[in-house]
Structure formats: structure tokens, C-alpha cells
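The structures come next, written out as C-alpha cells.
Note that subunit A is present in both complexes that follow, paired respectively with subunit B and with subunit C.
Let's turn to the complex of A and B:
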């Protein structure tokens, strides 16, 4: 569950988001909005990117997170997928997942845990049609745009966050991969009733297949929230700005 | 006697040991050189070697071309000999044994065997150790075991007594005593160090390890290492170093010479963790070292791998002379500087023989106010036809640190290939945020980036050392951030 009050974000002295009151319960949610309205900013300001100055409040399952460092927010159960995940040379995709899960105390360094997580990683990369040696590839170095996106989703699926914000996870993916993405996200959100999955997307087919619980439209002056019909209305009429 | 100083919280080897010692009064002159030689009961030719070097030293000046800055060294204020008092190697003061124990250096053969599967009836040791405390070698383990293979592994002082013909043939043959100021100083006043000889056709069955410990205050450590790999032999040698946290600079001017005969291979690895000084740049070891190997025989190979995290000032260029046809030289280096540390390090590859090959991979990581210079020279002589060099030089910077790369390439024939790649990067806020957003704290995130950055070099270290280097790196990074 993710709640914000009077959530205001500035960068380099300029206000990007102003006075947002948002409330996402367990389930699947869509965020839409015109280009440049600050959808990615919302995700990364919540995650704690130091380039933003944030005021107001945000709670994850009732816990205030704005005073926390990014890694503490991650450990509290927040996950944000990156549109352009940063390349880190010399560390493999799997090593990184392992390190990340160990730091979040979601696995131990025991052989059995490592084997388990490695198998899970390989299963997911198989499902997403990634090469069989993808786990050995250097993190976001030896990968195409689509592969990086898939790797972000795999990291999310393995770390099982309470609240996930996925920033245009479909862009750069082919149609089969998007279908798989939708299937995995639904399974993930439904297999536990304490998971909140928020997806920033404009892709009609994905929204359609996810059957989201809510749709939120970010506009310059107001936030509109409704059910999936709201998304269809936007597809019909545009954002109306 | 030395004073005890509080442990530096980041530098865990910074303690000093109280031990009764025999020290020379500070000062450097021909008499000191003679006294040192007499004390060690050296044959005339060694005394001569020292005195010649000392004479030459009067005529030359300290090099000033390196990108480092330190207060002038008063050579007359240093003591040139400090040895803990003990009658023989069976009678080593407990304090010294405890010191090495604390540093994790196994001086008893039994200790070196621990950790090996107990049910295994035929226990094979993996590391033999020569431990040098200030000016003397304290203990050398597994000498008997090594002797069975004809391998000589002892202190250089013992080698001068027991194997003078070998020492005489090779001492100063790779690094002449007049090579440079610090090598010249070392040739005059070297105290102890390690000697290894691997006979023809022998693959040394264990890693040979020398551990250098500086303990005394205001004493220079001038160790001398000589390794000879005869035809078709192989040896892997490891070197580790630490020193107490004193407010004064400690001078360490070592000379290492390697000789590889036909088809022989020497793998030389260093984990250098001398005291780096405090955060204000007070104290620390001045590490002025001349290391050079000659691939004398055809198809011989020398590789240098170094992980340099310590010392206030480092001036060090482990080099290879590739004289034998088809010989191979390698240099893999990770140099980390933080605080006020200064490192000017790199390598020289001299291609003399035909079809010679060299590889240089250097990773410089600098934090804080430190400066980190890579200085390299690749020279391909006209006769070194069909030779190859590949150089990769990467720097990673944080804070206000400086990284400088100075490669010099001279290629005197037209059928050889020299490649140079260099990257310079800052540890980006973006990378840090990405890693932190996945649950890694700041320290873990830096570790992750730095370890990835050093991976190519760490892979070259012997297994026992790779773990130590990794651990050392994380300890070094602790508190380097922010």
C-alpha cells in the first residue's frame, strides 16, 4: 500500500509535481499522463533519487519513507524499475540480484539459497526469452534495451516488493514479451494480497490484459482517478490538454 | 623499544609490537655499511657490492620526476638496522610470533595445514612463508618439504651464507646497483628479504609467501628479493606487507629481481598494505620500490600482479625485460588511493627478443584528496620483430581525487603491434542511486562498482590471495566514501 499527501517534488528549483494526494492499495494500478508531466519523477522521487527535493509525506504500508535513504526504502519493500538502468561493469546480472536480495535479507549466502535463486532467475529469463547465459552477462552492459527492461522485471519478481512502480516496462518489448510481462505481473499481484503493482504505461493492449483495479491520470492541475474505463476514455479523447 | 600507539580504526595492521631490539644509531656512512656487512658475517664480495653502491650514492640525487610530493628525507636521521633480539630461530620472542599471528601469517607449519580437510591422510600444504620483521627474517616454513624438490626458499642473508655462488651470479644482474637512487641505496644497506631458486624442470608444489612487517620507528626497511626460475620450472610467489601507524614517515626502499630461464614461469603477486598515514597525511610509509624481472630464456614468462592499497607515497614500476624469443611479460595492477595518499605506479616492458608479448592491465581507483598516476613504458626494440603489446589503463575517480595516465610507447620496428586503451570514469551519482534503489547501502554500492572495476585483475591473483585482496579492498573502501 502506498499513500502520498501534499507530495511536492522540485528539481533545480523548479516544481515538477505539486501537492499530490495518491492512494494505491493492493492490486494493479495504472498511471497515465501527458509527456513531461512527471510520471517518472513521481516514481524516482518516491524511491529517493537524490536529485529531487521532496516535501509532503509518503507512506509505504503505513510507514513514512521520505526520511529514508534509497536502500532503506528498498529494504522497506519499495521497488522502482528504471527506463534506462545504469550499466555496471564487472558484475553479472545474477551476482547483482544475489547481492541485492542478500542486502534486503531476502536470501542468505548459503549454497541452497544461491542455487534456488539462480534457478528462479534462469526460469524467469527463459520465460522472457532471454539467452540461456544471460545471468552471466554484465549488469546492463551486455544487453539490448529490451533485455535490460526484462532484467528489471526479473529483479522485481525475485525480490517480491510490497510496492512496485514500473516505469513504462513495455517500451522496447516485442508483442510476445509484452504478453508474458502482463501474465507475470498479474500472477505476481494476485498470488499475494499484500502486493501493490503500479504501472506507468500508455499501451492499450497491456492495460487491457492487466485488468487494473484503478487508473490514475496525472494532469497539470489535477489528478483524476477511476477504473479502467478512464483509460479507455483517454484512448478515445486524449488527455484533453 | 617502540612506543605503543592506538590502533587506527580503519587500518587494522596499525599496531606496533614491544620487543627488545638491537638498533643501529641513526646515520648513513661507509662505516655503517661495513658494520652492517660485518654483523651479517658477509663474504668480501658482498661488502664490496655494498660499498660500491654507497660510493655511487654520494654522486646521485633522488629522482624528482614522479608525480608525488613529500617532505625531504633526512637519510642521516634514519637507522639502517633494527632487529629483535633472539639467539636463534627456535628462540623467537613470543611478541613477534603473536604479531604475525595477529596479522594472519602462519609461522608454524601446523597452522598452514589447518583448514585442509582433516580426513585427507596425505596433507598437502599450499603456502610456505618467509616472515621478515624489520631488518631480519624471523622464520621460513616448509624448507624441508621444498628441499625435497631441490627448491631453495630462505632469507637472502642465509642464501649469501649457504648458496653464495647463486647469489653472486644473480645479485644486481637485473637491477644494477647504480640503476636509480633507491635501488642504489638498497644495494648499500639491504638488510633481509627472500631468496628462491627453482631447479630445472621443477614446478614448485606450493605458493611461496614472504610477509614483510615494519615495526621499529625511524627505521628504513630495505629488503632484497631474488627469485631464479631455472629452465622449465614454475613458481608462484606472494608478497604481503604491513606497518604500524606512526606519525613519522617510514622509508621502505626494496629491490626485487626475477630471473626466468628457458620456458620457466614466475608469477609474482603483491598485496601491499603499508600504513597509508592518517586522514591529514601525517605519517605513512614511503614506498620506493624497484622491481624488475628478466625473461632471459626463450618462451619464458613473468607476470606481476599487484594490489596496492597502502603507503603514503608509492613509487613503483614492476617491469619485464623480454630478452628470450617468444617470452611473455604481464602486469596486472589495482592501485587504490584515498585521503592524502599519492601513488605513481605502472610498469615498463622492454621487448628485446623476437615474438615477445606483453600485456598491461592497470586499474587506478582514487578517493578523497588522493592522486593516482599510471606511468607506463612499452619499448619494442628494432630486433624484437613480430612483438605485441596490449595496454589497458582504466581510472575510477571519486571526490576531488586526481588520476593521471602517462603512457610512453616507443616502437622501433614496423612489424610489431602496440595497442593502448584507456578509460577514465567518475563513480556516478546515477550508478550509486541505481544500486541503492535495489537495497545496497552506500558502502556496498561502492564496493560493488569497485569490485567490478577490478575484476580483470583480481582474477589473476592466486586463490588464497584473491580472497584477501577482496577483503582488503572492502576494508579500504570503508569510510573512503562520503
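Let's turn to the complex of A and C:
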């Protein structure tokens, strides 16, 4: 579903990622790596953040996405959850989700669609233990780190992207919320055979509970790929750098 | 403005025209109120002020207003009652010293109207408001011999929609008093537009424990408005002002707040093209235990210009005041200009006071965040602009 070849990312003239060959099929995948190795950079370079200069190739469902604007990549089915979601005052969480889904042609502006999506949003808010009026709150404003992360996951669950890259979705979440996150991610990935969920995390309990299909370790000069045992090896031995 | 039949002149030339007695005919013969008209008749032609050189108009681009050419039509002007298809029911139309009830208006028993058709003794009650300011607002006294007044009774709750009428390209000058009775509550909407020019002096008197919520909507016009608000003890004044598609707008809002008053002034503008907007607000805390908040936000795009000047004055005796002022500007185009001058003038120590101003561009991180969720650049910018004005 998501493939990169000779994928190289630079920012301000400095190479951050070099010649990456990655291949993520349907299922759940984990990306790990030492601090500063470029895990978040990988997510946002794939999403089209203009601050990065990218070369090589990246394909989503066989379609080259590097020439696309970020919104076109989103509409093609790519979703990135932010490690620090950007606060925007003046627009509510639900207003934003509604606009996002309408532009991705995943809902219409009809009252029935709006009501349905609002109910779904409230249901997910409830599942994640968010306040009952969370949909009315301003987007990522006056919310805790954990609440912002949950909001990102709700956006993903409602937009049902083909490929999701979640950047440390567990940080800021309490134990119960991580259990719920794991449950929702597994359900989301398994309910459709064509969904790819890539999670950047180092949290052992989450990795354990997700039973990922693959684990990818980004290192300074190489990429190591394996199954969940690779993650356990890292937990035991560290990254060794 | 029915000064003469079909005249064409620049607004800035009005004082010179007045020197030649341009105005006397209307004031003395038509209405036969020579005594009352005398002070105005004497004063206005003596105006000999180079408005554009006044310090208060620095950075306001006032010449854009003064150079505006207006055309007073002949006497076959549209009559008030011709406005029969009003999308928003208008209670009162105001033009040239007269107040006419709107076509769809409901009878408002809570109000007494004093206009140029009222008796001299009735109108004299508000004659003291014809005090010159020695600035452009004095031209607002032109078209009548005394202020028109809308007086609301005590202990009433009402809403009112006023429209300041003008012919396209004409100039409307008026001085208006809105007098809200004790313990009354008034929701007032003011509509200003009609593709013409306006010079208005509007006085709002809030009697003890009264409340005035004022929504002022300025569109499609060339407008100069001087607003004086007098808040008696215990009163609440909340003003919400928006402009759209204006050529030029200058608003001066001067509030005298006495004991235990609440004052809220919100101003929202989205300027495009060559539009010029000026918003000057002064809150004078003259009594104790009061609260005020000024919140002015403007988006400037293309070649538009926004000027904000705000001052909070807190008198020596006005203790326990809580006063705040914020001016935020979102600059979309590099060619657009923003001037902002927030000041505080505090004469005692028992106050909580804050002020701030910002001029920012579209935040690249916010833009990227929205784009990652499927909104294109234009949609994202529009969302950020809407969000900014909230």
C-alpha cells in the first residue's frame, strides 16, 4: 500500500533521511528508532510538508504521491497524526472534522450526514473518555496532550484512510486510554483488508497488544525490518548506537 | 443631503461652500426655526480647519474621505416609504434630521421620536449635544438644526433596527441621540450603507442600570461616524461592529463610563481591495468598580489599510477598574498596511489593566495542519481567516 524507493529527505540543506526503501502492506506496522533519527520527518515528508526537500519515489496504492500537494495526498488516502497537533482557535473540533470529510468527499453537507458524523464523533469521544462537549471545543486549544492525541485518532477513525501514519499516538495517554487506543486501532485495521496502519512508537505495552505484522527500525545508515521479535530485541538490547 | 438642487462637490470642500451661505436657506426659511438654528448657522460657516492636517487624522488616510466627490440629487429623491421590500424589517429610517417608520416595522410604543418635525420645545431637550468637536464630525450638524432623538422609556425591553438612508453618491449628515431609559434594555441594530457617504454624530445615553447592545453593520459606503457613549452608573454597553465592502470608514467611539458600568467593544473587519478602515476607541473610566474590554480584529488583504487607535483612561478617583484592550491584525498581502496604537492612561494604582496588539501572517504550521486533513490551500486560508475573526 505504501512504498518508498531511494527516498531521501533534506531540510535546510541537511540530509535527514537517505535512500530509504520501505514497503508497508495492509495490516499494522511499527516504526522504531533512536531519537532524532527522522521518524517524524518520514511521516511529514510523505505527507508533503513544504519544509522538506524530497527525492526518490513514494507510492500510495501504486500511485506516485510526491508531486501531490498535502491535501491531494490526504484525499488520495494518506493520513498522518501529529505528535504535537497544531492548535487553531476559532474552529471547533467537529466543524473541522466536518469540513475535512466533506472535502475528502467522505460525507455531504446534508443534515442527515452531519447528524450521523456528529453522533459518530460523540460515540468515539465517549469511548476515549473525552468530555461530552469535546466536539464543541476549539481545535487542539485548551486540550491536554492526551486529548489532542485522541482527537487525532478520532479524525482517522472517521475519515477511514487507506494508509495511516500515527506519530507516537500513545504519548500523553494514560493506561486505560492506551488499552482503548490499541483496541480501536486493531479493529480499524482488521475490519478492512486494505488498510495500512503505521505506528511510530517505543511503548512496549502498545506494541505487545497490537501484535503488529512488521517492525521497522530506522538506524543511522540502515533500515532493519522484522516481526515483533525485533521490537522485543530492541527493548532488551537498545538500539545499539 | 438637500442643500441645493443637483450639486456636485468634494466632501472636503464643504466648509468653504458653507462660508458662502450655502446652508442658510434651509435652516431659516424652510423650517422657520431661526432661533434654534442660529448657533449652528453661526458656527458651521466659521469652520476653517484644514482637516487633513489635524494630528488625530495622522495615518488615517482621511484625504480619501475628504476627496470623495458627492452628488446631491434634485428634489425628486427616493422617499422613505419607497423602501417597501426590506429583507430585514427596519423600524426607523433616518435621513437629514427626520425619522420615518419602516414599511414592515411594528409599532414601538416604548419610543418617542424627536425630529425636525417635532415642536421646538421638544427638540430643545437635546440641543446641548450640538457642541462642536472642531473636526470632521462637525459636518454631521449640517443637515438639521438640532439633533434628532429616539428616547426609550424607563423599565422597557425592546429591539430596534435603524437604517441611515442616503441616495447613491449622495452625502448624509446627521446628529442623532439614542436615549435608553433607566432600567431598560435595548438591542439596537444600525445599518449603514447604500453606496453613499455619511457623516454622523451619534450619542448614546445609557441611563442608570440600563443596557444597550449595539450591532453596527457598515457596508458599501464612505463613512465617518463619531459615537459618544455616556454610561450612567450600573449600565451595560456592548457594541459589535463589522464592516464589509466599504470604500472608507472612520469610526471614533468615545465612552464615558461612570460607577459600576460594563463596557464591551468588539470590532471585526475583513478588508480587501483598496478599502480603508479606521477604528478609534477611547474608554474613559470616570467612576469606580467598572469593567471594560476592547477586542478589535482585522484581516487586511490586497492593498487595504487598517488603522486602530485605542486608549483606556482611568481617572484618579476611578478605583477597582478592570480594563482590557486587544488589537489583532492578520496581514494576508504584503501590500496591505496596518497601523496600531494602543495606549493606557492610568491615574491610580487600584486597577487591573492590560493591552496588546499583534500583526501576523497566516501561520504556516496551521496551514499545513489543515492541508494534511484534505483541505486545499484556499479552503485552509479561508478557514484560518474565519477562525481569526471569531
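FYI, the second predicted complex is superposed on the first by the 241 of 241 C-alpha atoms of A that agree within 3 Å, B and C clash if a C-alpha of one lies under 4 Å from a C-alpha of the other, contacts with A are read in each partner's own complex, and residues count from 1 in each chain.
The rule is simple: a contact is a pair of C-beta atoms (placed from the backbone, for glycine too) under 8 Å apart; a residue touches a chain by one contact, two chains touch by 3 or more.
Note that this is a predicted model, so its numbers are computed, not measured.
S.K.: Will subunit C clash with subunit B on subunit A after the two structures are superposed, or do they fit?
M.R.: After superposition on subunit A, which the two structures share, subunit B runs into subunit C.
S.K.: Thinking of the overlay built on chain A, is A:88 touched by subunit B (first), by subunit C (second), by both, or by neither?
M.R.: both
S.K.: Check whether A:192 is in contact with subunit B, with subunit C, with both or with neither, and answer first, second, both or neither.
M.R.: A:192: touches no partner chain.
S.K.: Does subunit B (first) or subunit C (second) touch A:119, or do both, or does neither?
M.R.: neither
S.K.: Mind checking 7-15, 43-51, 97-105 or 115-123? I need the stretch of subunit B that runs into subunit C in the superposition.
M.R.: Once both complexes are placed on chain A, subunit B clashes with subunit C in 43-51.
S.K.: Residue overlap on subunit A between the subunit B contact set and the subunit C contact set?
M.R.: 47-50, 69-71, 73-75, 79-80, 82, 85-86, 88-91, 96, 99-101, 103-104, 155, 159
S.K.: Residues of subunit B touching subunit A in their complex?
M.R.: Counting only subunit B, the residues touching subunit A are 428-431, 433-442, 444-445, 448-449, 451-456.
S.K.: For the complex, which residues does subunit A have touching subunit C?
M.R.: By the definition above, subunit A touches subunit C via 47-50, 69-71, 73-75, 79-80, 82, 85-86, 88-91, 96, 99-101, 103-104, 155, 159.
S.K.: Across the complex, what residues on subunit A touch subunit B?
M.R.: So the residues of subunit A in touch with subunit B come to 47-51, 69-71, 73-75, 79-80, 82, 85-86, 88-91, 96, 99-101, 103-104, 138-139, 155, 159.
S.K.: In the complex formed with subunit A, which residues of subunit C make contact?
M.R.: 364-366, 368-377, 379-380, 383-384, 386-390
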